[in-house]
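Look for chain A in each of the two complexes below; its partner is chain B in the first and chain C in the second.
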Partner chain A sequence: MSVLSRGFGRARTRPADDRLPPGQYDVGNSFPVLSAGPTPHTPLARWDFGIDDEGGELRRWSWEEFQALPREAVTVDIHCVTKWSKFDTRWEGVAIDTLLRDVPTTASHVLASCDGGYTTNMPLPDLVNGRAWVVDTFEGQPLAPEHGGPARLLVPHLYFWKSAKWLRRLTLAHHDQPGFWETFGYHIYGDPWREQRYSGD
Partner chain B sequence: MTDPVTLDPIAARRLDGNAAGGILAEVFAVDVTAARSRCAGCGATSMLGAHHVYADAPAMVLRCPSCTGMVLRVGMREGRILLDLSGSRLLEIPMPASSGGGPATEDDGELG
Partner chain C sequence: MARAAVQRRLTWLPARLVATSAESPRVHRLVFDVPGWSGHLPGQHVDVRLTAEDGYTAERSYSLASPPEVGELHLLVERLEDGEVSSYLTGELSPGDLIELRGPIGGYFVWSAAADQDDRDTGRRPVQLVAGGAGVSPFTAMLDHHRRRESPTPMQLLYSTRDESEILARGLLGPETTITLTRDVPVGWAGETGRVDAAMLLRCTVKPGDSPRIFVCGPTAFAESTATALVDLGHEPTSIRIERFGESKEPS
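Showing the complex of A and B:
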C-alpha cells in the first residue's frame, strides 16, 4: 500500500519537479484557504490603498483611482509555507513599480498592513522590477473575500504568507519590522527555494 | 453575528475555544479552556473556551469574541510548542479542586 501511494505521488509531481520548491507538493486545482482571523468585508466606497513612510502618507488611491491605474496580467506559481504549491495561477492588478513611480524613497524595507490587522514584512527590492503586484482579479473574476479581496499583495517568489490578503497600506521603512507570522517564529524573508520556513532555516 | 456564515467559508470553519484545549493541555497542568482572559486590545473578559479559534492557519489563533483581536497563538514545531499570549492582559485560571483552598496550604513547606 505504501509503495503504491508513493508511486502515485512521484508520477504526479514528476512533470513539475523543476517548478516545485523543496518540501512542497502540487495541490492541483484546489486553492486552500488558510485564515488566521475573520474575513474583512470592507465596502469599496470605504476602501483605499496607500503608501506611507515613517513620516506619514505619501500616496493614496480610492478604489476608482486604483482601477484607473495601468494594469498587468500575470501567471505565476505560488508556494504556501504549509507545503502546498499551485501552478499557473492567473492574476490581474497593478505592479508595485507603477505604484512607486512618483514616490522617491531611500527605504530598505516594507511593512504591508491589512484590514483585520494582519502585517508582513519584506525588503523593498523584492517588491520592484516586476516581481510584485497589488491584485484584484483571480482567474478572470473579482478576487473573492476569502482569498484576499478586494485586493491583495502578490509576491510569488516568496512564501505565500508574504502575499498579504486585504491589503491597505505599504509602509516604507529603513529597518525590517517583523509582521504577524514573522513574530511567531516564521522566517524573516521566506524564500521557498531555500526552504526558509522558520527562523533559523 | 452579522457574518453571513453560510456564504463565508472562513466563518463557517471557525471553531470555539474548546478546540484549542488539546494543544494547550500540553502546556498547562490544568484545563485552561475554563480560564478567563482579559483582552489586551479591548479589555473585555471572557472564558478561553468562548473565544473564536482559527485552526486552518499555520498556528492555532484564538481571537477575542468582543473585538476579534488576537489573544493567543499556539503551534507545534520541530519538537517544541510555541505559545504567544501577548493578546491576553490577564489570565485567571481556576485551580483544580484537589489542590485545596489556595497557596497557604499548598506552599507551607517551601515558605516555612
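Showing the complex of A and C:
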C-alpha cells in the first residue's frame, strides 16, 4: 500500500505514456549525460575493439576495420536508471550478431570493458538476435565523447547503464561477473519494465 | 575480483516532513523523519516517490544533504520549471505530510571518516570537492560528517554559484571553502569571481602532486569542463569522481 501525496498530480496534463516503464518520465528533446568519471578522449588511430574470453583475444578490429563492417540503423527508446526515458533515438552501428559471426562460443555471459575503467555485465542472449549493437553514430552525427564516442554499446531493452560508453572490449565468460555499478548496489540484470534498478528489486 | 555487493533490498519507507525552509530563492531544505532508515554514507542519494490519488506515480533522485550522525534526512531541492516533483516538494508539501523514499543508493560517490581509517594509504590523500550550484548538496553531508568526526583527512571545497543569495548551507561553510560567484558580485566581495577554469583550479584546489581524491558535482556542462580541466592539470582520471545533474528538467 503506497502513501498518497495530497494534491499531487493535479496539474498533470499529459496522459501516462505506455512507452514509459514504471517510475520513468519522458525527458523530451534533451539527452542527459551521466558517468562516474572524466570523459576519455581516445584518438581513432589508437582505438580498437576486441572480443576475448578466458583463453585470450578472439577478434580485434581497428577503427578502419570496424567502419568496414556491415552496418545497421536502429530507432529505439532508451531508459536511464536515474528515471529519464528518451523516445525514438536514432543510432547507427554494427550488430553484436555481426561481431560474433565467426566467434563460436559456449559462453553464458559477457563483461563489457571501456576506456576509463568502466565495466558492465549481462547475459550473452541479451546481446544477440538483433537486440544489441556497437554504435558510433547518433541522430546522423558521429557519437559525441560525452555520450560515449567513438563507440558505445547499445542494449536498449535494459537500463542505459548497461549500454556502456567508450566501449573497447567484450569478454565472453561462463559465469556472471558484476560490473561497476552492479558492485555498488545496482541490479545485476536491469530490466526497466520490471523496474530492476537496485539489487533485490 | 569485484568487492562483494551489499545484497540488501531497498524498500519504500514512509517519510514525514518535519520542516521546510527556503535555503535560497530557488532551493528548499526539506527535513524528513524516516522511521526504519538504515543509515547512509555522505554522498549517497535517495529515490523519492510521489503517488497521486488516481495512482499516478513519479520518482526522482536526490542527494542526501545531511550526514549519518543526524537523525533526520535533509534534502536540498531546487525548484525547476516544469518539474512536477520539485515544484510539489518545494511548493505544496507541508510539515506532517508523508511521501515515500528509499535508499541509500550509490556507493562510489561517497566519502567517510571510517573508510579513511580502514584504508590508511587512501586515507592519507586529501579530499578536494568541487561544486556547481545545487551540486553542493552531497558535499554538505561530507563536510558536516568530516567536522563531527574530527577527521584528520584534509578536505577542501571549491563552490561555484551564481550570486550571494544562492549560496546553500552557508552556516556550514568554513575556512576549507572557497566560493566563486559567476554573475552578481557584491561590493567588497573577497572570494573568487567567474566560472571555474584551469587557472582557478590551480589557485584554489589541491595540487596534482598531493594526489587528492576529487569529487565533482554539478550540472553537466560544469562537471564536464571541470573534469577535463582537472585531467589537463595532471590529475589522474581515476582519482576524479563525478555526479552530474544532466540536462533533464529534474536532477538525475
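The definition used in the following text is that the second predicted complex is superposed on the first by the 185 of 201 C-alpha atoms of A that agree within 3 Å, B and C clash if a C-alpha of one lies under 4 Å from a C-alpha of the other, contacts with A are read in each partner's own complex, and residues count from 1 in each chain.
The rule we apply is simple: a contact is a pair of C-beta atoms (placed from the backbone, for glycine too) under 8 Å apart; a residue touches a chain by one contact, two chains touch by 3 or more.
These figures come from a predicted structure and were not determined experimentally.
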{"item": "Larger contact residue set on chain A - chain B or chain C", "value": "C"}
{"item": "Touching partner for A:L34 - first (chain B), second (chain C), both, neither", "value": "both"}
{"item": "Which superposed partner A:P178 touches (first chain B, second chain C, both, neither)", "value": "second"}
{"item": "Partner chain(s) touched by A:T137 [first = chain B, second = chain C, both, neither]", "value": "neither"}
{"item": "Which of chain B and chain C A:S62 touches, first, second, both or neither", "value": "neither"}
{"item": "Partner chain in contact with A:T105 - chain B first, chain C second, else both or neither", "value": "neither"}
{"item": "Touched partner set for A:T89, first chain B, second chain C, both or neither", "value": "neither"}
{"item": "Partner chain(s) touched by A:Y25 [first = chain B, second = chain C, both, neither]", "value": "second"}
{"item": "Shared chain A contacts, counted only where both chain B and chain C touch the same residue", "value": "32-39, 82, 116-117, 146, 181, 183-185, 198"}
{"item": "Of chain A, residues touching chain C in the complex", "value": "2-12, 16, 22-23, 25, 27-28, 30-40, 80, 82-84, 116-117, 146, 177-185, 197-201"}
{"item": "Contacting residues of chain C [partner chain A, same complex]", "value": "2-3, 5-10, 12, 14, 47, 49-54, 56-61, 84, 88, 92-93, 97-100, 105-109, 220, 224, 227-228, 230-231, 237-238, 240-242, 244-250, 252"}
{"item": "Interface residues, chain B side, partner chain A - complex", "value": "3, 8-11, 14, 52, 54, 56-59, 61, 63, 68-70, 73, 75, 77-78, 82, 84"}
{"item": "Parts of chain A lying in touch with chain B, wherever the complex brings them together", "value": "32-39, 81-82, 116-117, 145-146, 161, 181, 183-186, 198"}
